[in-house]
Structures are given as C-alpha cells and as structure tokens.
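Every chain is named by a letter (A, B, C and D) in the order it is written, and numbering of its residues begins at 1.
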Amino acid sequence: MKRSLFVLLSLLILGSMAIAACGPATTPTAAPQTQAPAPATQAPPASTAPAQPATKTVTIGFTSSQTGSLNVESTRQYHGLQLWMDQVNKAGGVKLADGTVVTFKAQTYDDESNTDRVQQLYTKLATEDNADFLISPYSSGLAAAAAVIAQQYNKIMITTGAADDSTYQKGYTLVYQAYTPASHYLTGALDLLAKTDPSAKKIAVAYSTDSFSTSVVNALKTYATSKGYNIVLFEGYDPATTDFSALINKIQAAAPDAVMGGGHFQDGSTFAKQLFEKKIGAKFVALLVAPPEDQFSQLGDAALGVVGPSQWEPQVSFTQDSAQKAGLTWYGPTGADFTSTYKAAFNEDPTYHSAGGYAAGLILQKAIEDAGSLDTTAVAAALDKMDILTFYGHIKFDTSAANHGLQIGHEMVYVQWQKDSSGNLVKQIVWPAEGATAPLLYPIP
Amino acid sequence: MTVLLSVQGLTKQFGGLQALTQVTFDLPQGQILGLIGPNGAGKTTLFNVINGVYHPEVGRIIFRDKDVTGTKSYDLAHMGMARTHQIVRPLNELTVRENVMVGACFGRENHNLSKAAGIADEVLEFVGLDSRADQLAGSLNVAQKKRLEMARALAAHPYLLLLDEVLAGLNPSEIDGMIQIVRKIREQGITIIMIEHLMKAVMNISDRIIVLDYGEQIADGTPREIANNPRVIEAYLGNSSLADQLLEEE
Amino acid sequence: MKQLKSIGLWVSLLAVVALGIGPIANRSASLRETTYIIMQVIVLAASLNILLGFTGYVSFGHIVFFGLGGYVGLYLINAQNWPLWSAALAGGLTSGLLAFLLGKAILRLRGAYFALATIGINEAVRAFTNNFDPFGGPIGMTLNFRVYNSYGGAANALWLVYYAVFAIALLAVVLNFMVKNSKFGLGLMAIREDEGAAEVMGVITPNAKTWAFVLSAILPGIVGTLFFFKNGHIEPGDAFRLDYSIEMLVIVMLGGQGSVLGPILGAAGYEGLRNFLLTSPLFKNIQLSVAGALLLVIVLFIPAGAVGWLRRRVPILRKVLA
Amino acid sequence: MGNLFIASLIDGLLIGFVYGIAAMGLSLIWGVMNVINLAHAPIMALAMFGVYLLFVSLNLNPYIALILIALIGLIGGVIIYYIAIHRVLSAPPLSTLLATYAVNMIMIGLGTAAFSTTPRNVNFTLGSIGSGDLTVQGTRLVAAIVATVVTGALYFFLYRTRPGKNIRAVANNRAAAELMGIPSSRVLALSFGLGTLLAAVAGGLIATFFPFTILAGNAYQLKSFVIVVLGGLGNPIGSLLGGLILGVMEGVIPIFMPNSWVPVLEFILFVIILLVRPTGLFGAKK
C-alpha cells in the first residue's frame, strides 16, 4: 500500500513537470513531525516537579538542513534532539538551584546545507529569538561558521555531527563537541587490523576530497606511518564521483592488504560496490560514514565484510554497571530505551546521527543541572568538568587552551556487515573488543 | 587630386567560393564611387574587406597613404572610415541620440560624451531625425533607421563613407530625401563609395562606377561609359535601351 | 537632463542606504546579518551587471571571483598575518587580475559559449583549489578566533565588516552609475546591442570587454574576503558554488539588467522572498520549487525585470530610474 | 602496468558510452534550437528514480522500465517545451538559460521533497565477465550496447525519416524551414522531447549500476557540457565519440597522476577547446 502510494506520488512528480509553471502543489514530505508518544518511564532523569515552582522556558537554537545534500543526516540529528526535548519536557523539565523549573523549546531554520545563511540564521537565533543555548548544524563546515557567532554572542554551543578537529583549535571557549573528532575515525580500524593480522602491512587510502574526509585520512596516514604501515596509495577523489574504475584499477595494481578511506554515504557505498564488482581482493576494507547506515545493506554481497566507524550503534550497551566499573557517573536513558522510544516516535531506526542529536541535548541538560543555573559561565564551567557515561558513551571535553571543547571521552565503535545463519546481512560490532558482538570476518571472503 | 583609397588586387574566398577576384581601383578624394552588380556579385563583401571585417587572402588596401590591409574595423574607424549596413543594425535599446553619439565618441575625432551629444544633435538635424532623438532606436521605422545608420556614420566625421544600399526599401519621396542627404555629404568634402541597386539614382549621383560580377571587376568608368559597356549590358543591365533610359530620364 | 540623470543615482543610493541603515540605527545584530547578505548580493549583482547588463555577456561562473578573492584574502590574513583591509584589497585585485588574463581569450566567445566557458573556469579553479596545499586543499582554511581580537573582538569585527560591505555596496552603485554614464559605458552598451556594428563604429571591443570583465571582478573579490573573514572558514565547495552564481543572474534579471537600480531592487526582492519562503511553514519544504516557478514566470512574462517593467509602464519614471 | 592500462582503457570506454548518451540529449537540443538545457540534470535524476520505483514496487525488469521511462521522458520534454521554452526561444540566450534553470529548480525542489536526498540503489545485476584485473560488469556492458543502439536509432531517425529530416532542416535554418512549410514549433517540441528522452534513457541506464540521489544528475550535466563541446552540436555520433574520449581520459589519466587532478585537466581542456574549436572536434557546421 505504502509502496504504491510512493509510486503514485512519484508519477505525480513526473507529471508535475507539466504543470510546473502553474505553481506546484504542496507535496507531502517525508519529514515526520514529532508526535512522540514518549513513554514516561523511559524519560531521562529529571527533578520531580515540586508544588508551585517558578517556570522558565529555555530556547535551544539550531539550524538543520531540510534541503540540500546534508538533508538526510541532518534530519536524523534533528529527530534525536527533538526526542530528547520531548522527553525532558514531559518529565517536568530541569530544576535549577533557585527552584525555577526549566523546560525547553526549539527554534530552528533551514540552512539549505550551505554556509551562506548559517551565520545569518545563528545571529537571528542568538539575538532575535533569544536562544539561550545553541546546537550546531550538521557537518563541520557549517558548524565552523556557526561557532564564530556562538562565541561572539557568548552562547554555549554543543556541536554534533561536526567531527573536524580544527574548529576546536581556533580559540573558542564556548564550543563543545559531542562527536569523537575526525582524527580518531579510522585509527581504531587500524588497531583492529593490527590485532587481527599483524602481517597485513600494505594499506591503500582513497578518500573523498571534502574537508571532513581529508582530515580523517590525514590523521590516519600519520598514525599508520608511526605504526610501521606501508601506505601504497593515498589519493583523493571528487565527492561527486560515481565511477571509481580508474581509482580501483590503481588500487588493484598496488595490491594492498587493506583499503581504507571513503567519504560520505553516496560515494562510499558506490566505492564499496565497485570494489566488490572489480574483485579487488583486499582482505580488509574500512570506509567512512556509509557502512553504519542500514541502507548500506542494499548493496547486497558488496556490503559483506566492509568495516566502518560509528559514533554509536543500537547494540552498544553501556550501562550503569559499566559506568561504575569505569568510575564514571551514569546519566540518561539506556541504549535500549533510546532506541525503542526513537522508533516509536519517528518510525525509523536511530543511527548515530540521531544518537548524537540526543546526546547533545543530554549534555546540555546535565550541564544545566550541575550548574544549577542558565548562566553561560556557570554552565560552561560544568561542561569543562563533565565526565559522564551515557548510552551514547563517555563524554569528556578537552579543557586545554589549544584544543578547548574537543571531545576526548567518547570512542568510536566499528561495525562490520556479516551474514547471519540464514544468510541475511547483519551489522555486527567488531571493535573495541569489549563491546564486540561478533569477531571480525577476516579476510573478506 | 590625391588618392584617398587604393585597392590593389583584392582576392577573398569563402570555402571554395571565390567572392572577390583581383579587385583593383583608386579612389580620389571627394569623389562618389558607385558600386553595382547583381545580387551575390561581392559588393558587400568588398565593403567588409575594405572595412576590416574580413581579411583578404591576396591584395592590399591603402587608405590615406597607409597600408591598412588586415587592420581591424575599429582602427579603421579611428583613421576616418565609416559605413552603413545594408540590413540596418540600430542599437535598439539605446536612444537615437545615443546611437549617434557612439559614432562621434569612437570615430575619427574621439570626442568625449558632452561634445559627442552636441555633434549628435547637429547630425540628427542634418538627416532630419532631430525630433526623434530621445526615442529608442528600436522604435523607428525602416526609413528612419536608414537615416540613423547614416547619421551614426556621419557623426564620426569620416574621410571615407561606405554606403551600403541606403535607398533600398524606401518609398520614392524618402528616396529623394536620402539622395539630397548624400549630395550634401559630398559637398562637405567626404569621399563616398555607395552600393546601390537603384540604377537611376546611382547613375545620377556617382562620379564613377565600378561593376562587379561573380567577384570580378568587369567594368570601371563614368556612368555613361558603364551604361554603354557591352559586358555590363550583357551581365547586368539586360538590354542597351534600358541603360539609355536610365541616363536620360533626369 | 544632467540633473535628471543624477536623480537616478540619488534614488539608487538612497535605496541602498534605506536598506542598510536599519541595523546601524537599532544596533540589531540579527538584522545586520540579514542585511549583510543583501548588501553582499547587491555588490555581486551590481558587479555582474557591468558585464551582463551593460556589455551583454552572460557569465555563469562569476562566483569564481568571489571565491578566489575570499581564498587569497583569507590566506593572507591566516598565513601572512595581513590586516583585513589590505587582504581584502589584495583579494579584489587578484580577482581583477584573473579577469584580465582570461578576458582577452574567453571574451571572444559569444552568447552561450561564453557562458559555458565561465562555468568551465569556475569548475577548473575549484578543482585546482582542491589540490592546492597552500590554500588547505579540500580542508580549506579556518581562522583562529584570536584574529578578531585585533578588530576589537568578534562582535566588533562583524560590525566593521558590515560597515565595509555597506560602503562597498554604495561604491558598487556609484561605479555602475559612472560606467553607465560614461563614454566607456556607451561603448559597452553598443557592444551589448550589436558587437559587429560597435566595432565598425570604432569601439575597441576586445579592450572594452576586458575592462568591463575586470571591473566586474574586483568588487566580488573584495567582498569574498570580507565574507569568509566573517565566516571564519573557507573551503572549495563553499567558495565556488555554481548555484550562487546563477542566483546572481536571477537577481540581475529580476531587478532589470543594464539599470543601476535594478540589481538593488533585485537583491532586496530576491532575498526578501527567499527569507519568506525559507521560514514559511507552507512553502519551506518546496521553497526551491516555488522560487523556480516564480523565476519562470518572470523570465516568460517580465523579461525586462522590475525596472524595465516600471519604465515601460510609467514613462515619467524613465528619467528618474537610472 | 600493462594490465592496469588495458583495464583502465576498457573501463573508460564503458563509462564513455554512458557519458556519450547522457550528452546526446543536451547536444540535440542545443544544436536544434540553440538552447542549453539546464534541466538536463534533474531529468536524468528523475529517470533514475523512475526506474528505481518501477523496479522496487512492481519488480519490473530495469530495461523494460527504461522503455516506459523513455516514453514519459518524451512526453515530459514536449510539455516542458511548450510551457517553458517556446515563449523565450528567440529571446537572448540568458532567457532560455534561466527558463531551463527555473525548470531545474522546480524539479529538484519537488524531487527533494518527495525523495529526500537519500541515496537509492537498484539492486540488480547481470553478473560480470572476465577475471582478476579485467572484470567487466554485465550491466555496464548492456549499457554500452544500449547506448550504441540508441545512437544508431537516433542517427537513422535524423537522416532517414521525415520528422528527423524536418528536425535537421529546422536546426540548419529555422526561417527557411518554415518557408518550406515545416511546422517549426511542432518540430522543436519534438526535438526537445527527444532530448529529454535521451536524458531519461541515460539516467535509467546509470541507475542500473550506480547509486544515485535526486542531485545525481549534476555531475553528468557538467560532463555533458564538456562532451558536447568535444563532439560538436547536434551530432549524435560526435557526442558518443566525445563521451568515449572523456571516459578514456578519466580512465587513463589517473595512471599517471593523482586522481584529483582529473577534473582540473578536464575543465581546462574544455575551456581550451571552446576557444580553439568551438564547433567541436568532429563538428563541421558553421
């Protein structure tokens, strides 16, 4: 039923080329409004409401990419944040030191996936909409532009979906990163390879020439060289590339043990598909961004064995116990709670973008609670001190002048597509070893 | 009599087509030279070559004692050569005055804007377009556009004026008006080459006539000589009595 | 006559001032950011107007000058510690130089061929920047927040940059007016109407076109530096965005090409419309389509743009609207 | 090294066929009516989605879906022509550029709203032949064959049939064609329809082996400009050859230098050819 509606809709779209000039009709969009039936039991911890508290609504400002190339990831991040907000509000909000009960509301605009309007919109958020706190847009480039505004208007901004290290090396004091920085994206994959097969030493790196992917592979290159690996090929490709034949032929000629790199979903999945079709024969393939996506399994056999770093996966099971073991404070819902409420609210499986969005809210909530106030300085101090474990992982920020706000607690997990007993593709966590749900499939069959 | 323009052995080809073959003539200052010939005889091509739009394969063009073969149109304009086009080319979205100012600004005398505006007004009065000065050139009718072409060329104060069928498409009274203008231009001492299909007019107004046929110069002489030249009659005029008629009518 | 003409200039300048004074009057930073973009668009559109409106050459890749200026400027600030103002000037001059070097060659092409060549150049420069390490390659360059301290802190720096772009918008209008009412401009307009005829009348077309190209490249280079200084970050995808180039064409077209007031009206109208569509709950999901449909209507039915339409409908305005 | 070269050459040629057919539609429209169709990219992208949807929902074989999509493309093109192009055909080039760009915006806007920018993938394979370094995918081979057949068919249509001859007559000289009684606006609409049909076929073919989003057409549109300039206007065989040249360049150049320099060379070559031979390497017209 849904399928045929979809077909009908798209035929309508094709047909509407015809009536295009007569003004397009409003097309129903996929973006679901949140009507989170959030079960109260799974709400994040919040102070139980006292009898007659003073109340205050705190505005959280951010832009998301409702159009343009970042639309998918950005929307998920938005959903995660929205879920957090619904839950915290439903649970009665946050109680400050002076007894005021704070609830949250979101103020958001479409940044169209490009920087042109980011500063305009964030300034509007900071001044006109009087946002108390800011969350970053999705992607490092947009977040870098927003950071200037946040710092300038003395607003705390939690960045999520912005992994680039460089933003946190530019002297900002109010920008805090929820993601593991780009420089750590693929280094774990190398550790994994080293542990599995110490004899594999030849690595080919092919990456999308965008800012994020280039940062990742530059860090990887430094790390690999220091570990005695031999980088037999190190080449960029245009992010819009669809035909990787030429590059793959070169990789094949270099005969590497492992292929690493990639960029975003589109190029990464295409690259993986063509690597498979060309029977490249590498024992280990680790790509950025694409593998953790569920759609990656659409590649069928081409997905088998591909490893990818992820900020978070539903199978990740941090618990109060693990917090105790690590000597950290546990905070927020469990992974299972997050996953089920998210599914219920948005009718889709959460990805790490969703979790990142939720985590950004959670970080802010915890900091406000700890500070007991909404004052920027106090909350920033609480963030500086923060050292907690959540369903999303460990959160701790660098407080040195050189890297202030850089995430140093959170670690990537690495997933690999494997086949279950009935031959279906499933995503397994293969690294770090403590959290692994299956051993690494090596070499790729 | 000083020679203003000397054309020596001009040959121009387009692909395999011989557009001009060995065209040679001298044009003394102050003369009106008529250029006639059937359609496709190469008359406009000759203008384009003299004017620097096309470059000849063979031959030389000497203008005011300088070899100007291969010189660009705009340089020739600065040296004092101006022309009109067979198919009018008004600058549609500019006013009539601005059209003429272009000629004055960028022509031989290289005037500034305010000086050019003055010249434009004079010239427009001369060709009888003064009442239309502030109209857009695109809004003129064909006859007015022809005058505008003329005015633009004149505003450059050229030594040599190339007129390409300025009479074509005009009604008889307009033709008379235009002929008056051409005569007055000559009185100012400007040398003219005119391409014309209207035999009566060209025979009467020219000091000398050159006949082109298939790019070849088949005759060169006074109107009377041309009218009696058997090759011209055969190739172009058709019968000899017509030629006599043309000459005698006025 | 003369007076009437300069009324046109004053009307245009007044329009820019009316748009730009708001944030200064009420010290609203949010309004300032909105207005900043309008001012930037005025500069870009007015610059493009010199080539498109006066000379009749459609540059589809004009954004290359904005991006290049931004890159050169940011590089000088970031790596060479130049002050913003001289870096911006250097950015503008570099763009002008590129236009000068390219001009003679590509301005021989006419119509759509020229448009395509400009796209090719934009793409070539973008791809080159991606490989050019001094500019950070694909990563681009990010300014250290400290840089803003030399301008009285970030808040103050953003105000300074706003004043600068405001001033440059006024300058761009004056430049448009001066070009339009100069002998040089008359030559350009002759080229626009009929290049062959202009040449025969003595307009040295290769030079005139090249200088028009250079003039239309310098200010975009300067505001490129200003924008990316304000932005704090530059990377190839943001600097050489072909879509932005096309937006500028739309704006010039919307306001009326070849007029001084046109780019201003176009910039204000277009940005107003976009802001409305982006924030309107009804249209925001299909804002691109609505904008496209509007553009189509304008192209089909009001090709002369707002100023052209007004001039045709209300002849009295013809003299006042420069 | 030898193997690398041959493998790169084969891959380049195969992708070249697709590039060629992608450019053919642009070239036809440009050659016939002097319109650069900036809506080429979304038309290709929508065709990709068309094949995808028919494949996913009705389980239709992609090649059968392709025929359906081609027909829709033809009709869609004719409609676009009458709405957006016809009125501005004799206006300055900017008008048609902006009119087609407006159509592009409308289509991309609606497409993004309907499909988001999530990548899709037609999970369809014909296996592959060859082994080791020299592996060729079935779908790509079929695409090359389809491209060749379509080129041949187009050539036959333009040179052997009445409507085709009419198109060429209008392309050569619209006024003269009208004098000879050729209904030029109907011929132009047909040419535009054919152009979009070709774009749709190219999009549909690409969907069988590359993942795509609604924005996926842009890269091919840019390449198509380069190819059209290489191959000359309105010349189907020229486009195919241009596509092959570009494909081979993209395949072979990376052997000698970093892959990321390929676009730099591509666009510099593009500008140079525009300057030196604007009629294309194989274009004789004008």
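Rule of thumb we're sticking to: a residue touches a chain if its C-beta (ideal position, glycine included) is under 8 Å from a C-beta of that chain, and two chains touch if they have at least 3 such contacts.
Predicted model, so just to flag it, every value in this text is computed and none were measured.
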Target chain C, source chain A, minimum contact steps: 1
Chain closest to the middle, measuring from C-alpha centroids that were averaged per chain: C
Separation of mean Cα positions, chain D and chain C [Å, integer]: 32
Interchain centroid distance [CA atoms averaged], chain B/chain D, Å: 49
Centre distance in Å when chain B and chain C are each reduced to the mean of their C-alpha atoms: 43
Between chain B and chain A, distance of the C-alpha-averaged centres to the nearest whole Å: 75
Multi-chain contact sites of chain D, meaning residues that touch two or more partners: 83-84, 103, 106-107, 109-110, 112-113, 258, 260, 263
Per-residue multi-chain contacts in chain B, two or more chains: none
Multi-chain contact sites of chain C, meaning residues that touch two or more partners: 127, 130, 285-290, 292-293, 296, 300
Interface residues, chain C side, partner chain D - complex: 52, 56, 58, 60, 105-106, 108-109, 111-113, 115-117, 119-121, 123-124, 127-128, 130-131, 246, 249-250, 253, 257, 285-293, 295-296, 299-300, 303
Parts of chain A lying in touch with chain C, wherever the complex brings them together: 20-24, 26-27, 29, 31, 66-67, 109-110, 112, 114-117, 119-121, 123-124, 126-128, 141, 144-145, 147-148, 151-153, 166-167, 169-172, 209-211, 213-215, 218, 236, 238-239
Touching residues (chain side chain D, partner chain A) in the complex: 1, 3-4, 7-8, 11-12, 14-15, 46, 49-50, 53-54, 56-58, 72, 76, 79-80, 83-84, 103, 106-107, 109-119, 121, 123, 128, 131-133, 135, 137, 206, 210-213, 215-216, 218-219, 250-255, 258-260, 262-263
Chain D residues within the chain C interface of the complex: 30, 34, 36, 83-84, 87-88, 91-95, 97-99, 101-110, 112-113, 222, 225-226, 229, 258, 260-261, 263-264, 266-268, 270-271, 274-275, 278
Residues of chain A defined as touching chain D within the complex: 3-4, 6-7, 9-10, 13-14, 16-18, 20-21, 24, 27, 29-30, 67-72, 75, 206, 209, 235-238, 240-243, 245-247, 249-250, 252-253, 265-266, 269-270, 273, 277-279, 295, 298-300
